[in-house]
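Letters A, B and C mark the chains in the order given here, with residues in each chain numbered from 1 onward.
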Amino acid sequence: MEPIPQVEERVRLTSSASGAGQFIRSLTAIIWKDMAAELRSRELLSAMLVFALLVILIFNFALELDAQARATVTAGVLWVTFAFAGTLGLNRSMAMEKDRGCLDGLLLAPVDRSAIYFGKAIGNLIFMLIVEAIVLPVYSVLYSVNLFEPGLLLVIFLGSIGYVAVGTLLSSMAVQTRTRDVLLPILLFPLVIPVLIAAVKGSTGFLQGADVVDIRPWINLLLVYDVIFIAVAFMVFDYIVEE
Amino acid sequence: MMITVRKLIKRFGLKTVLRGMDFSVEPGEFVALLGPNGAGKTTFLRILSSLSRPTIGLVKIAGYSLPNQAAAVRRRLGVVSHLPLLYGDLTAEENLRFYARMYAVAHAENRITDVLEMVGLSSRRRDLVRTFSRGMQQRLAIGRAVLHDPEVMLFDEPHTGLDQDACLMLDTVLREVAARGRTVVMTSHDLARVADLASRFDILSRGVITASVQRSQMDPNNLLAFYRQAIAEA
Amino acid sequence: MEPKPRLLAILDIVTLLLFLTAVAMVFFYAPLEAVMGQVQRVFYFHVANAWVGMLGFMVAAIAGVAFLRKGDRKWDIVGLAAVEISFVFFFIAIVSGSVWARGSWGTWWTWDPRLTTAAIVELVYAAYFMLRQGIEDPDRRARFGAVYAILSFLSVPLTFISIRIFRTIHPVIIGSGAAGAEGSFEMTPKMLQVFMFSLLTFSFIFADLLWHRIRLGKLAEVTENLRLKTLQ
């Protein structure tokens, strides 16, 4: 290998410009960038939030909920809301990269591809958690239901992780097709059913004060799902973004 | 040899775009890669920039081969395409700061200031990129590309969509970039533009290099005639 | 493009004979079940189709992994063929399951784990086809198809488990009888024979159709290649 001409002595790459240090650095850079851009435009969050609140409103009229029915149906309503609002967020997050060719910009950087995946996925998770954090109190107030059960919050957290893990992967595929936005829910929902079932049953369990022993299988299912799909995403993301 | 390409073939499914290209660039050369639409210029540049994998063939940049040593190659590459690769909702300096972190650039703040000055955007550093004109975005894109001081720069039709003034400004920046001894490969439609900038002209037609000539061996005014002939012969 | 291989021609004949024998066995050899009568005969085809459909799903996932690792287009053809055929098999399983439900419980649909999961698999396949449909570049189409096949193959068992924990009314024939499982019946040795034979038959049908479909896929590629050559 011939010696490479060093033209500007001032520019030196930092010493930890490789391995784990760079991985973490690029990961946080991507998350930070998504947060900063969103803070400016607030497009993503406002779209997700307004949509979520509208869905809850529609449910109010679509399902005649007396206090009794409400107890059993709350978890389902919440999760349908999160699932649909979630697709909005996933779509926009990836579309933002695709539109100005920024995805290429990310791929050109000397970082592991999975850092891009995790950066986007964590960013998506944060947005989803923010929306959930606003929707839960609103629902609480509208329907006089106490939703501040730590168990419930745990289930929602685990469920969101699974949803976003698969969703980020699929949205990076969907964004490269002709049918884009329309395709994501079609790809995502069949795969995310275990999360929905486990999250709804687990949430209902906590809301109705069921025995932890009964709720345990649902939490385990969520954990298993999260672990499997995060691991698979790590292995498979490269193939999605390469050409 | 800074860039070595031998017998490069690129297929998309059953369609062959590059048919056994041979191409090499010495350190410090400025090569203009010309050719008609569909010749494969963008495809070739995407392969050089590691965004696309060669189907068959050897590609080496700065001694590292693609696609196996892609990470090492990326560190030494700066790429400007006709899309700006910038985030509209961030300011100019935030964009550069992001890329500085992605490329692990040391003394990032100083470097960002220098780069902004080089591309003539110091006064707009706190403005959102979505308020920039196309010409300004292109200049900032070049700034992004040189941020980590790459040895090799790849430009894919950078003058696209720019008006006359913007083009002249771009040329100034391009000369500045090239003057530091960097190796440059630039594709273009616009013969008049590259006539002044490049030290070598290669013609890519139907997936292979059909002609190559040094600036010193040819009168740049005859570039158009030379180009037409090279295309006709293919 | 080579003419139909000898082995495939033999397979065609063997498969056809097996199928005719299986039909005969189902209607004439298998005993009449006491509770459900003639409707019960659907069972022999229903379960065989479901299991073989599952086999197809697995083949698609394995082909997906193989394609991602090797990059050989033939794995993509295998994967697509497996999904297409599995799609049909699951459809037959769902329809026969529906007939079974009608005969046993008077409803056309039951939300039990297996039937529901089968329906979900059909939706997954539909998504798979739509994904492929929206991509121009054949290499990317193959890669995305492979990834989705792998992801769905991991997700569907989890779906099944979660629905299983959710509710159970599907007849549990082989294995322990779950509490509350209605419509189950004891299998006599003759029934078991017919069932096994049916399973064998449908495995052969799957292999036969898969082979034919793969040949068709290869032929399509050759045609496409010729078409591009004449255009260029």
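Everything below uses one rule, namely that a contact is a pair of C-beta atoms (placed from the backbone, for glycine too) under 8 Å apart; a residue touches a chain by one contact, two chains touch by 3 or more.
Just so you know, these numbers come straight off a predicted model, no measurement behind them.
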Mutual neighbours - chains that touch chain B and chain C alike: A
More contacts between chains, A-C or A-B: A-B
CA centroid of chain B to CA centroid of chain C, Å: 51
Whole-Å gap between the CA centroids of chain A and chain B: 36
Whole-Å separation of chain centres (CA-atom averages), chain A against chain C: 33
Shared interface positions of chain B, touching two or more other chains: none
Residues of chain A touching at least two other chains: 243
Residue ranges of chain B touching chain C (in the complex, touch as defined): 12-15
Residues of chain A defined as touching chain B within the complex: 1-2, 4-5, 7-8, 10-14, 16-17, 22, 25-26, 28-29, 32-33, 36-38, 40-41, 96, 100-102, 104-112, 242-243
Residue numbers on chain A that touch chain C, as the complex places them: 166, 169-170, 173-174, 176-180, 183, 186-187, 190-194, 197-198, 201, 217-218, 221, 224-225, 228-229, 232, 236, 239-240, 243
Interfacial residue positions of chain B with respect to chain A in the complex: 1, 27-28, 46, 49-53, 62-63, 71-72, 74-77, 79, 81, 83-90, 94, 98-99, 101-107, 110-111, 114, 128, 144, 148-149, 151, 180-182
Contact footprint of chain A on chain C as seen in their complex: 68, 120, 123-124, 126-127, 130-131, 133-136, 140, 143-144, 146-148, 150-152, 154-155, 158-159, 161-163, 165-166
